[in-house]
């Protein structure tokens, strides 16, 4: 592994790890009041939904980022810049998560859900830009040529799917949140299947 | 060491490290008031108890996670997913810790202690799932076969022990917190003894 | 790569990663009120401007720090101390960022912008001290001798540029923030061009 | 380097890095009020003093921790436990730092300064326990035998020095804070001189 790639991965891992861990800070600890703690905790369910959705999203994005970089052999300044754009999206996630947690009950829930889903459109666009740049500049390992195209086709759809969530949020707030969570969990799969085919063709090589 | 495993460990280490360090943010700094600082600090003892218990738990869990991954040779997507489930539990810890710190004085202390102990049931189940999966799919080093079964037997008890704490919390809140802390400190031992036997049989090999 | 340098990089990377991720915590989540969420979110634009500027600054500083250390072969205590001084500047960034976010609307905006820009003067001085020390003590790789002088000349100007922002803040607060952001984005370039020349002369060597 | 030691260092580095970066969160951003921002910022000087002192302490402790572990060749469970005890001290630092920042003006400044200095007594005891254990169990590299004793003698004094600060805090609060900062900066030196002698004898060996 190139030292160059190694340190980019280390920095990215740390940013992913911090963003995923900071999410918990947005869940408020109910103070003693007139209602029982159980009631207070249950009333906070939008916080838990938003937390789980964002946690799953960042976690699975990390797996895919990890997978992508394990295919990247060379690194240049534009790639670093695009990676920074992706990390910008990742570090922002705790903010819309907190906005949804705060407003999913209230009159502004529609706007909160739109903001939340729009964040994921941005991130999936940045992810795509990163992958496409790496492919087009030949920064990948040489033997992933064919599979790379298949991955490109697959991840091309993702921003449109989250854009669909943005539109859905206008009509059905809770529906958009659930579809978003479903998309994220589904994401754990398709690129995985493809990359497994990649890695099986890879494992047939002598050694990594 | 496989680069694949290396980066999973790096990401997990960062999540553990952040979760363990964020715990301190939940301890409130007393502002100047009518009471003396000493009184205010002493009155916060539930915060310190919860902090120490959670710190010890995450720290010792890290040691065991570290130990487990030092035996894992291969990595696949399900393992990554299960590891993410474990990390979900770890990042959540600051929340029940803060709930206990806030409510161990108050009328809702029973519910706070149940929530706290239940978190550890979840984490120990996730830890077990991770280990069992790695064993059943042959992702471990080959020479830990026999010891692996012994470890499996040992960690099978752990969720039941913390479940005992959940039940105990219903009858005796402070008792459940102390038993929890005791369990954690005890945890530092049994898997250690086993793994030392593993590592001693390991050290007899030429080189790592 | 020397293990010594490796661990300094790892520690620095973590500090950069945490500082860049903590920035988001300074953006306040609007609570439900009389105004609509959209209005409340839009009214917070100074927070977003400050967030983006600081994110870009820390991100690009990380790239340059990364680049600098990839040229450093030896490490000593003074270098560690100077690196710590640079990291002091980096960890401080969330504070002036929050000050600007809070006061860019208010009567104290001039002072907030001066504080913000002054932080970057400090950091660029620390960066320069680090580089100059490494050059003067021969801690660099041997084949970057000529290029090193060019880099030294280039980064000598940087503190003066941010000092210009400090002065500009006295006359035009918003102007100074925009020039600051412009400078940061421009920074992504010039040292890059130089270092690309370095790395191209480097790539012509057999292997890293 | 052993992979075992490598991951302990990685985890420790992350904890140090997070603790040192979280310090800035304790500095409050003055909100708009009757007084000017400059007045409000200047009135917070105890926050800055506490921040700088704690930053320098954690930073220099990291350098020394780093230096210590670069001499440690083997790792066992007790060492991991003692290291965890040291990290407990490190993660706690933001709390007494915030207490000092809050109370250095007020009537409880004496107690705040005692708490602050006592934290450093605890940490230096944990550091010493770690080092002594590593020496006594032969976990160090073999060629540091003589120098190890010298280091042991030197760091034996440290807890007493910070204990002196605790006592001094009873009589002179500000004095104890300044002596504490002085001690920390001085710490950057003596172990350094020794370890330089170690590393010079080390550099004379063929290769690391």
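Each chain gets a letter, A, B, C and D, in the order it is written, and its residues are counted from 1.
What we mean here is this: a residue touches a chain if its C-beta (ideal position, glycine included) is under 8 Å from a C-beta of that chain, and two chains touch if they have at least 3 such contacts.
A quick note: this is a predicted structure, and the numbers were derived from the prediction, not measured.
Trainee: Over half of the interface residue numbers used by both subunit A and subunit B, so same, or under half, so different?
Mentor: The interface of subunit A with subunit B is built from mostly unshared positions.
Trainee: Considering subunit C as a copy of subunit D, what rotation angle in degrees (nearest 5) results from a C-alpha superposition of the former onto the latter?
Mentor: Rotation angle, to the nearest 5: 90 degrees.
Trainee: Suppose chain centres are the mean of their C-alpha atoms. Which chain sits farthest from subunit D?
Mentor: Between subunit D and the rest, the longest centre separation is with A.
Trainee: I'd like to verify one number: the distance from the centre of subunit A to the centre of subunit B, where each centre is the average of its C-alpha atoms, in whole angstrom.
Mentor: 26
Trainee: From the C-alpha centre of subunit A to that of subunit D, how far is it in Å?
Mentor: 37
Trainee: Please output the residue numbers of subunit D that touch at least 2 other chains, ranges allowed.
Mentor: Residue numbers touching two or more other chains: 10, 14, 18, 22, 25.
Trainee: Hey, which residues of subunit C end up touching subunit A in the complex?
Mentor: My answer: residues 1, 9-10, 13-14, 16-18, 20-25, 27, 29-32, 36-38, 41, 55-56, 59-60, 62-63, 66, 70, 188, 192, 196, 208.
Trainee: Of all residues in subunit B, which touch subunit A in the complex?
Mentor: 2-4, 7-8, 10-11, 14-15, 18-19, 22, 25-26, 77, 80-81, 84, 87-88, 91-92, 94-95, 98-99, 102-103, 106-108, 111-112, 115
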